[in-house]
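Letters A, B, C, D and E mark the chains in the order given here, with residues in each chain numbered from 1 onward.
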Amino acid sequence: RKQVETPEECIPYLDTQSVSWVDVQGLGNKDILERLGKVFELHPLVLEDVVNMGERPKVEDYEDQLLIIARMVVPKERICGFYSEQVSFVLGKNYLLTVQEEPEHDCLENVRIRIERGKGIIRKQGADYLAYTLLDAIIDGFFPVLELYGDRLEELEEEVIFKPTRQTLQQIYQIRRELLQLRRAIWPQRDAISTLIRDRSELITEDVRIYLRDCYDHTVQVMDMVETYRELSSGLMDVYLSAVSNKMNEIMKLLTVVSSIFIPLTFVAGIYGMNFNTEKSPYNMPELNWYWGYPICLAVMAAIAAGLLFFFWRRGWLTNSSGIKSD
Amino acid sequence: RKQVETPEECIPYLDTQSVSWVDVQGLGNKDILERLGKVFELHPLVLEDVVNMGERPKVEDYEDQLLIIARMVVPKERICGFYSEQVSFVLGKNYLLTVQEEPEHDCLENVRIRIERGKGIIRKQGADYLAYTLLDAIIDGFFPVLELYGDRLEELEEEVIFKPTRQTLQQIYQIRRELLQLRRAIWPQRDAISTLIRDRSELITEDVRIYLRDCYDHTVQVMDMVETYRELSSGLMDVYLSAVSNKMNEIMKLLTVVSSIFIPLTFVAGIYGMNFNTEKSPYNMPELNWYWGYPICLAVMAAIAAGLLFFFWRRGWLTNSSGIKSD
Amino acid sequence: RKQVETPEECIPYLDTQSVSWVDVQGLGNKDILERLGKVFELHPLVLEDVVNMGERPKVEDYEDQLLIIARMVVPKERICGFYSEQVSFVLGKNYLLTVQEEPEHDCLENVRIRIERGKGIIRKQGADYLAYTLLDAIIDGFFPVLELYGDRLEELEEEVIFKPTRQTLQQIYQIRRELLQLRRAIWPQRDAISTLIRDRSELITEDVRIYLRDCYDHTVQVMDMVETYRELSSGLMDVYLSAVSNKMNEIMKLLTVVSSIFIPLTFVAGIYGMNFNTEKSPYNMPELNWYWGYPICLAVMAAIAAGLLFFFWRRGWLTNSSGIKSD
Amino acid sequence: RKQVETPEECIPYLDTQSVSWVDVQGLGNKDILERLGKVFELHPLVLEDVVNMGERPKVEDYEDQLLIIARMVVPKERICGFYSEQVSFVLGKNYLLTVQEEPEHDCLENVRIRIERGKGIIRKQGADYLAYTLLDAIIDGFFPVLELYGDRLEELEEEVIFKPTRQTLQQIYQIRRELLQLRRAIWPQRDAISTLIRDRSELITEDVRIYLRDCYDHTVQVMDMVETYRELSSGLMDVYLSAVSNKMNEIMKLLTVVSSIFIPLTFVAGIYGMNFNTEKSPYNMPELNWYWGYPICLAVMAAIAAGLLFFFWRRGWLTNSSGIKSD
Amino acid sequence: RKQVETPEECIPYLDTQSVSWVDVQGLGNKDILERLGKVFELHPLVLEDVVNMGERPKVEDYEDQLLIIARMVVPKERICGFYSEQVSFVLGKNYLLTVQEEPEHDCLENVRIRIERGKGIIRKQGADYLAYTLLDAIIDGFFPVLELYGDRLEELEEEVIFKPTRQTLQQIYQIRRELLQLRRAIWPQRDAISTLIRDRSELITEDVRIYLRDCYDHTVQVMDMVETYRELSSGLMDVYLSAVSNKMNEIMKLLTVVSSIFIPLTFVAGIYGMNFNTEKSPYNMPELNWYWGYPICLAVMAAIAAGLLFFFWRRGWLTNSSGIKSD
């Protein structure tokens, strides 16, 4: 591992028999990239794709060079979400040029360490095996990100059903949006790796192709998980709507129970609050002058309330229909 | 059937003409697996796939060996749900190595018993027929699990339409989640079996291929059922939302009927509760001093109530619109 | 047409030049089926498929025999729904063996009658033409079932928009479930017939293949109709939800109109029901002692009510927004 | 253009070198069709397809004849919707037989007129070019129908968002149903034309094939539009539901504002309507005897009302949330 | 760059060895187009496609000419939305004829400027490279339009969750409609470019094909973005519905809290507003004559209110469930 200052310093390494990995981090200086392009004899389209950071993952065959554009995701540390970064590979006979923009968020560090320690079979193999190792590390980097989403969806499920708030809604939508991003990152990656396996480029040996098949399987697994999570999050939106409706039912039930009990009672009280002149006629509110008038009136009210409560209790409205604390 | 302690004890069996089935249960000891890998001359990727329990079902051809990764489901006993476990097959010329993690939940016991009793055609056939028998047992193991879901969906349907609660919602969502799992287990299995039939590996005879075609048909049938249940459960979510809205309608109707009847009546009572001084003018609430004032007032109230009740009855609001106990 | 008691009685017919149709109805006796298997030299898998009544429709080629599994549907008589039954065909050189479980619900009776009457071209043709005729009758048997669903969906549409009840919901869901069943029956049938046409088995002549192409067209037409009805029934669920919400709007409007008019009025009545002592101060409810106090108060109330009614009328809340009897 | 009475009169035309177009309108008489079948030597399946008016569009090759089944749509004049009619073509060496049921609703009249006037290149070309011209007229006949739906969807959009009624719901559902019909008509048409282009039948010259490619492009365009309109109408259903919910929000807001303001006020009025005996104790409603009692009470009420109005105004409930007349 | 008046003036340029780009802007005069057709020897179908402005993007091979129909989008300046315009290319041996309708909204100006300045490699290359440059400019013109939608969707998200109004609904629906238009523009474009790459027409050199591959990648990227945005906007509709329901919950909660607190209190006030004659019996409302009657009554009311407030506070109804200003 050696830090070089100018692209031209790479030239002597390209001629040696051993495999060279040129790992460009950061794309700040346009001039340097152009000189790099000259050193590695890159096609203008290759250079354009490498510089343009929003490319779709793909594999392109330029006879003596293979351009592989991949997309790497790294989970954000404290908050949810992930960094997404493009990694471009230019695979030559005995060199591998990789370009990435921000060197901080990176899931390739592991591979670098393994090479430095001279451990594993990476050092004994060719540039194609090195490319496979890096691709594999990139694909495997999707799993921790996906597991985060799996955990969050599980947490959200409980929240959605029993405590749906606007924040929940926002979170579900955000997860959907981020899963769409992941999907846009992994789908073309699968096509790219499948192209690497199928198109029999001479730059990739038969042995490495078997390893790439394994890498392809993992890509499909990532896609599977993304699709499953997308379906779950989309189902969660339906659940949210249902849960909100459910909660409204609870609210309405309470309102209805309270209103239905007290409105008739208030009416009865209103009746005996009328000022009909009891002295003008024996038919004008004789109840007001009865000896037991007030107690009877209260008893009637209590009976009405009890009757309504019984009616609501039989309908099951008095217990929370979910049997759990509703908010 | 013989219990061996170390992988090396298998070696003499590999050389014999007869078919050997080495059934590894539990993956605890890594060292043993590596020795096993040496005894059976497994490719490092094969060993990795066998150990890694989250692999997708697949078939891989390593010239003199076929790696088949399958996923087995076993219904949980009392509660709903299923155990899902990976079973790896390494099919050689005259041996079959199967590896699974937990030997408790298992749908292969039947096959073991049939072999021990020396019954059936399994003993007379080669290792490929044995692999087919096991694969067939694994696929057939999906049916009892699916039937459970069919039953649960039927039960839920009634509950959703007539008694929608939050638990119902949770159950529908859980079923959807578990069906997605089943789907992720069965789809690649179909591809794997289809690969076995199509790729004319020498390890599988033409006769067994015909049997595998039958196995493939069953896989497609499982997939069909999973998809049907998924559509049903997804439709159930819509039904749930509609049923909750429906229930809210019932609640609102009751509130509206009660409010609409008693609020006007209370207003009438309120009128005659006013304290306008009847002595100051003949126009100030003369009703209060009428001989029939109170009875007429009650009669007017009764008429209003009867009129509103008739109005609601004609609109059909007094009978439950479903004709059934609503909660 | 001859009723035979034992499978062995069929043997002489198999040798004759003419075409024999052996029509087994009911699967009660397992022994008989095994003897049948021996007489017709059936592969063990064929026998298994014939006996197992839940198979998917398919075509399998056993060199001198073609196994065709088809699924027949017959509309239930009074209630909605259909019987679904498996019919297995074993097509040989000059015989056709058909097996079905319950002979009652059957759409093949027509064909039997045509053969008995010696009419039509069926008798002059080979076993393959007979098989085509039966398959065609089975496919055509889907149309009356589908028409029933078309009629029911049309009826439901009106009901859903103007009188949505829980029964409606249940019916929509049931139709969806049954259409999923139909779909599971017809999709593999299409694949099976397409296989019959494509795979150039010697048991089927070129002439019959042209007829099968027609049969295939009808299968596609059935599929088309099933898919259309599924989309319609799924759209109906959305309509249901919207209609229920709409109905709730009507209910809420009534409640709001009634409450908004009477609550302010009741408040005014409440004001003049207060007992402030008019004798203590000229500012304490002087209205009570006015000459025109009560009439003015009533006039104010009437004005408030009229104002609110005008407000609601201009918003269009007083007329049913649908212009039709809402329940 | 000549009106013939019996099918046999066509015979002399079939032998001539020139191209004959036999245009059968109406299918009333079965006998005539059978004689027609004999004159044109039609395969029994062709005759069956021609008579059976519910066939799917398709192309079938009968060596010296091509059967083309197409479906024509004509917009209804005043109301929305379209007539759908089957047109069958039998294309021979130098004749074209077309059969349609109802001659009234027709988009082929244009072609007939062009031929009669002897204008255009139709007269100089073969029967295949004539068939192309008719097919092209049929496909182009879809566009005016589709434009009607485009217009209606645009109109409905406004209505759905600002004035959702039950009629709107019914119209959206009807449009969906009719678009499904259009889709069922156009999809197989595309396959049929694609078959005409791909299968190199001798009855169609290379020149006409280029024209058919253009016709195919138009079919795809029709399909595109149908799919777009279907998505729009399905989105409109979601919009409808949201708009209805929105409207309910408006209603509920009004109810809540009115109730929340007047219920507390009525309570205050109720307080001072109580009959506690002010003479028994100085603590019994001394307010009633205050000099400023009533004015203070009214002021308190006004303050409460103002406070609540301010609260609602700040929440934005007093202005229509849409800023537009809500109903 | 030269402005010509009549199509015939182009003739001398067609014979020269250099590459000519004839750029027709505006389609007003039909006669000119026909003369143009004669000069360039266009097939009548080509001329028809060029004139008819609603064609789907496509590529058609007329041996010595390639017809490419593309669709260009240009963002509208102040309001949201885009202009969509058809650009037709006729690619010959050494000329390129492009026809577009309105020259104002145009994303090809850049290319024109580059050519005029004689800069870049465009001038040194053939007509096919020129066609590629224009196609590339057209495809790249989709990105600014899509970015606008990305921004709008992000803005809408916040609005939908926290301030859903009818305008929001309308905007979501409009975005969906416009994305459907974009989709209809870009899908066939992809097929067209893929056809250009695959069909090995002699008019396109191998070098340009490599560039077209890059152009194809960009088209796929546009499609990806359109699909992602469509899913997001469709998810936004669900979010909208949920948010509206959520808001209704808030409204209902307020109504329920206010009603549930004041209705019981009003009832208590109503009780003591009754006019039972306390002189007739000691049981008739003795409370009215108690020394502490009124204070006790008020205390009871306060206790009831406090109890209910506590109940609602514990349920979390008093704080906005979202913790944010709800409207």
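Here, contacts are C-beta pairs under 8 Å (C-beta built on N, C-alpha and C of every residue); 3 or more make two chains touch, one makes a residue touch a chain.
If you're wondering where the values come from, they're calculated on a predicted model, not measured in any experiment.
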Number of steps on the shortest touching-chain route linking chain A and chain D
2
Taking the mean of the CA coordinates per chain, how far is chain B from chain D in Å?
37
Roughly how far is chain D from chain E, centre to centre by C-alpha average, rounded to an integer in Å?
23
Can you tell me which residues of chain C touch two or more of the remaining chains?
238, 241, 245, 248, 252, 255, 259, 263, 266, 270, 273-275, 285
Chain-level touch network, classified as line, ring, star, complete or other
ring
How do the chains line up around the ring if the path leaves chain D toward chain E?
D, E, A, B, C
Touching residues on chain A, where the partner in the complex is chain E:
43, 45, 48-49, 54-56, 58, 60, 164-167, 169-170, 173, 176-177, 180-181, 184, 188, 234, 237-238, 240-241, 244-245, 247-248, 251-252, 254-255, 258-259, 262-263, 265-266, 269-270, 272-275, 278, 285, 287-295, 297, 326-327
In their shared complex, at which residues does chain B touch chain C?
157, 161-162, 210-211, 213-214, 217, 220-221, 224, 228, 231-232, 235-236, 238-239, 241-243, 245-246, 248-249, 252-253, 255-256, 259-260, 263-264, 266-267, 270-271, 273-277, 280-281, 283-285, 315-317, 321-324
